[in-house]
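Structures incoming, each one as structure tokens.
The same chain A turns up in both complexes below, where it pairs with chain B and then with chain C.
Let's turn to the complex of A and B:
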């Protein structure tokens, strides 16, 4: 048994080395994107030959990309508002409404997460064709909202299940009505969950692909669709620059999340 | 009856908007898709529309469609397996790490790729693996290879790209489950003479089975519905079900056949969810977790 400490140390080393490798695997492609965005050559070159801003200039000067970026932001903001309102109120009803069959209803509210989003896109596309409504922005926003609601429901439910219901009872014992208890006790305490859900809804909508694929109208596309169409034919630095812009947005969101509500709460997503 | 109605709080009404939204924009469209898949045409614009099984007959009669369905499932299975094997150790590390800063850094390295967008991450892999990508240029530059290796346009590159994209979902699902397992159980096993490896395989791993199942189901569902990565990494060479569905809409405008293919994808997903719930029920029944 003298070799036990060594095998233990060796095992520990393998464990750490493997995990560091996984982190590198996760982050390396993203680092590569930065390299290509800053590289001045019109094609991919590695190792890089210099640093330039020309791809960022091209990206921000491109009307197609800018229109797509603004349209994506517009859709994401509308989706965030809708998904947060629908999702947070549904979560409250599920956690506090003493609804019969609330477990089944929760499963239904979360089901868009488990079913392929491309089906939601296809089904909505066919419905809009049958109803002959064309491809309106509200139709796209509602599609995004359906797949974002599960995130809001989950984060809000997680907070509602964890908090002390005696606080609500205390408020009511002190004479507050159901509505006042909600606005002065429940809402402030569930805010972190609702906010986290809202951030997720924004990201889900901003990066949404399969639903947009079916529901955008040509010439009026979201950023992921425009990037995808560009990628099919070109592989130059503009895509790199566009990617860096969206990565920076994402990192800002994550850092903001950690600062405001902490990251532990997403461990269950 | 009266007693149950009285116990339902007025807050329950807050479910109504979402219920209506889901009914109109989720279940109704899914139902319409099922209906369209058995109709001979569009009932709104055509008059003599009849029920037909021709789209399903077409899927069943042509082995090409079987091949596409099997490719989709195979890619899903390999992606799920790879994400589990690579993601589990990371999730275990995250669940057991002590420092708050270390945890936050790891969480960020998991969340950053997750929030980066599928198109961007697929571009990253193309930039790495294409004939003029970073790997080939480095190897050529070092004089190790004469002509570029073809690393892209095969099933392996699709699985690689998808694994990278969906690992975060696996890790986030597992971290919570592993974190809830009492570490003292492992210590007890070790005190009783089990090696750390044996303690892991006999205590931690079985207890994290619900997380493994949930994460695997999530990754599989995402992988079989992926569109961007199979197209770009496969270079239009490998056909999957979502690609076929979109092709039917965009180039053939065969809505009925697309709906039938959609129903096949739906059936696969539902079968998995049912199997998942069954297995989860069996596990928690045995151990009485709840």
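Let's turn to the complex of A and C:
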């Protein structure tokens, strides 16, 4: 009689403790970054000795960092647009087009996920050298796009697989041609998947390191590369401040997309 | 304006070998309530989808209002359709769902709003314009789907088992309303169902399908009282089937089933050799055994299944089990299991079947 409630309580306690543990594990790096960014000493110190904005001031005052931040944003936005347009249409073709070998094509589309990005970067680098095109911005965007497409394809395919094609037929039956059916029915209903893919594409590009390592031109680098170069000589709170800015930007993008176009599905309505 | 549909020698194969629809001919008249009835997988949906333009026939032609539409895309066919799961747009309100077809036709907003209100009134859903389909019950969704299909004043209304998901009571009232609406609007209706009672109750004519082929086309009473084939007799309602050899004994034609049972035929079968016939349970009259005139058998009641308005008997007679149904209206004696009975019928109630 008494042992049953106890074991139940104990079970609940373990369950709760486990979940708290997971959350702490996931959030700890972010917390450390924040502590690092706000702590005034020029080296990593625990416990922190105070709160200051000096590393943020240094970060925003640095021309190198600011150029890198804007360049990263530019590349991330271009990558997001390219990967989303291409990935979403590819997913639609794969799900609907009755293409021969669509399974093989899907596997190829998703393969950059399985390949170490450093190999993709190296391969692109060698290709650009062979083609003698130098290191243009579009080359970098192309590299980022290749590794972002799998996310868009994956999230869009997931929604399309659960999509009731009779909805498209209903639209056609009511007089909508192929294009109108796509914009009136297919796109609005697959939007949560497409948008989730777009968010992934943005973050993959904005945080991209291995691909950029091979494809940026010296003096015109993305933020992760600039941070890496900075790290080689200085290890102070500027790195932390830059990371905080990156995290905040990523959160803003997700929240912004959710507010404007919406990431939620209509299934719950 | 409603239109007639002519389906001529239409065959559809999805894989190049098996025929989902096999050399089907149907002449559906203007303003007619026409049902496609048959077991699951017999090709009803495929036939309907070819009329709607979602599938192209492998062979044959489909004409609507005299014009060949075999290769006209679905969005140019001007047909209303109620889908099996309703297929309402979940991201649009009820009003937007119903107005969708009108908007595709480029109608102005004020006109759309008026027509949507009218259509929702037809299906008794006034005031639901701003709800989402997900907030409605199954029966209400069904009505929205119907309103969305009729508001465009289609030449033809196609329905694929529209009432299949509703519970029995609701289904019966929707059957009635749907039929009323179809009559009032004078719509040509092609209605797919696997429910024979529904087809018999609602249709002007029924096409009974089996394995991609049309077995018989006729009015409900023709289909029920004069089934043309063994399949139709067996599929529609309860029936007693007999198979035997035709022999002639002095002017009358007799089907010899076996040594215990010979059945007199009222009409001369066109063919010779083995033959199937059907006898509906309610055409058999049961009396206490004794001197019985005409065609008949003696048997023992195996079970009596009281059904309220009637009693369905299983009877062991001539080494086989027969079904007999008697109305519970006081004019017929009721029997218990184990009772000895005489079965009688008139030869003209024996229906000769094609295999």
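Basically, the second predicted complex is superposed on the first by the 231 of 269 C-alpha atoms of A that agree within 3 Å, B and C clash if a C-alpha of one lies under 4 Å from a C-alpha of the other, contacts with A are read in each partner's own complex, and residues count from 1 in each chain.
Just so we're on the same page, a contact is a pair of C-beta atoms (placed from the backbone, for glycine too) under 8 Å apart; a residue touches a chain by one contact, two chains touch by 3 or more.
All values reported here derive from a predicted model rather than from experimental measurement.
Participant: Between chain B and chain C, positioned on chain A by superposition, is the outcome a clash or a fit?
Facilitator: Overlaying the two complexes on chain A (C-alpha atoms) leaves chain C and chain B fitting together cleanly.
Participant: If you stack the two complexes on chain A, which partner ends up touching A:89: first (chain B), second (chain C), both, or neither?
Facilitator: first
Participant: What is the contact status of A:188 with respect to chain B (first) and chain C (second): first, second, both, or neither?
Facilitator: In the superposition, A:188 contacts chain C only.
Participant: I'd like to know which partner A:171 touches here: chain B for first, chain C for second, both or neither.
Facilitator: After superposing on A, A:171 lies in contact with chain C but is clear of chain B.
Participant: Just chain B (first), just chain C (second), both, or neither: which does A:215 touch?
Facilitator: The answer is neither, since A:215 touches no partner chain.
Participant: Tell me the contact category for A:180 with respect to chain B and chain C: first, second, both or neither.
Facilitator: Second partner only.
Participant: In the overlay, answer first, second, both or neither for which of chain B and chain C A:78 touches.
Facilitator: Neither: A:78 stays clear of chain B and chain C.
Participant: With both structures superposed, pick whichever of chain B and chain C touches the larger number of chain A residues.
Facilitator: Ranking chain B and chain C by residues of chain A touched puts B first.
Participant: I'd like to know which partner A:69 touches here: chain B for first, chain C for second, both or neither.
Facilitator: In the superposed model, A:69 contacts neither chain B nor chain C.
Participant: Once the two structures sit on chain A together, report how near the CA atoms of chain B get to those of chain C, whole Å.
Facilitator: Minimum over all C-alpha pairs: 7 Å.
Participant: Shared contact residues on chain A for chain B and chain C?
Facilitator: Dual-contact residues (chain A): 266-269.
Participant: In their complex, what parts of chain B are in touch with chain A?
Facilitator: Chain B residues touching chain A: 4, 7-15, 17-19, 21-22, 25-26, 28-30, 32-33, 36, 42-44, 86-87, 89-90, 93, 103-104, 106-113, 115-128, 130, 132-134, 137-138, 141, 164, 167-168, 172-173, 175-176, 179, 196-197, 217-218, 221-222, 224-225, 227-228, 231-232, 242, 245-246, 249, 255, 258-259, 262, 265-266, 269-270, 273.
Participant: State the interface residues of chain A toward chain B in the complex, per the touch definition above.
Facilitator: Per the touch definition, chain A meets chain B at residues 8, 11, 15-16, 18-19, 22-23, 25-30, 32-33, 35-36, 43-47, 85-87, 89-90, 92-94, 96-100, 105, 108-109, 112-120, 122-127, 129-132, 142-143, 145-146, 149, 178, 182, 203, 206-207, 209-210, 213-214, 224, 227-228, 231-232, 235, 239-240, 242-243, 246-247, 250-251, 253-255, 258, 263, 266-269.
Participant: Help me check something: in the complex, which residues belonging to chain A touch chain C?
Facilitator: Per the touch definition, chain A meets chain C at residues 164, 166-167, 169-177, 180-181, 184-185, 188-189, 266-269.
Participant: Under the touch definition given earlier, write down the residues of chain C that touch chain A in their complex.
Facilitator: 52-54, 73-81, 83-85, 87-91, 100-101, 104-105, 132, 134-135, 148, 152
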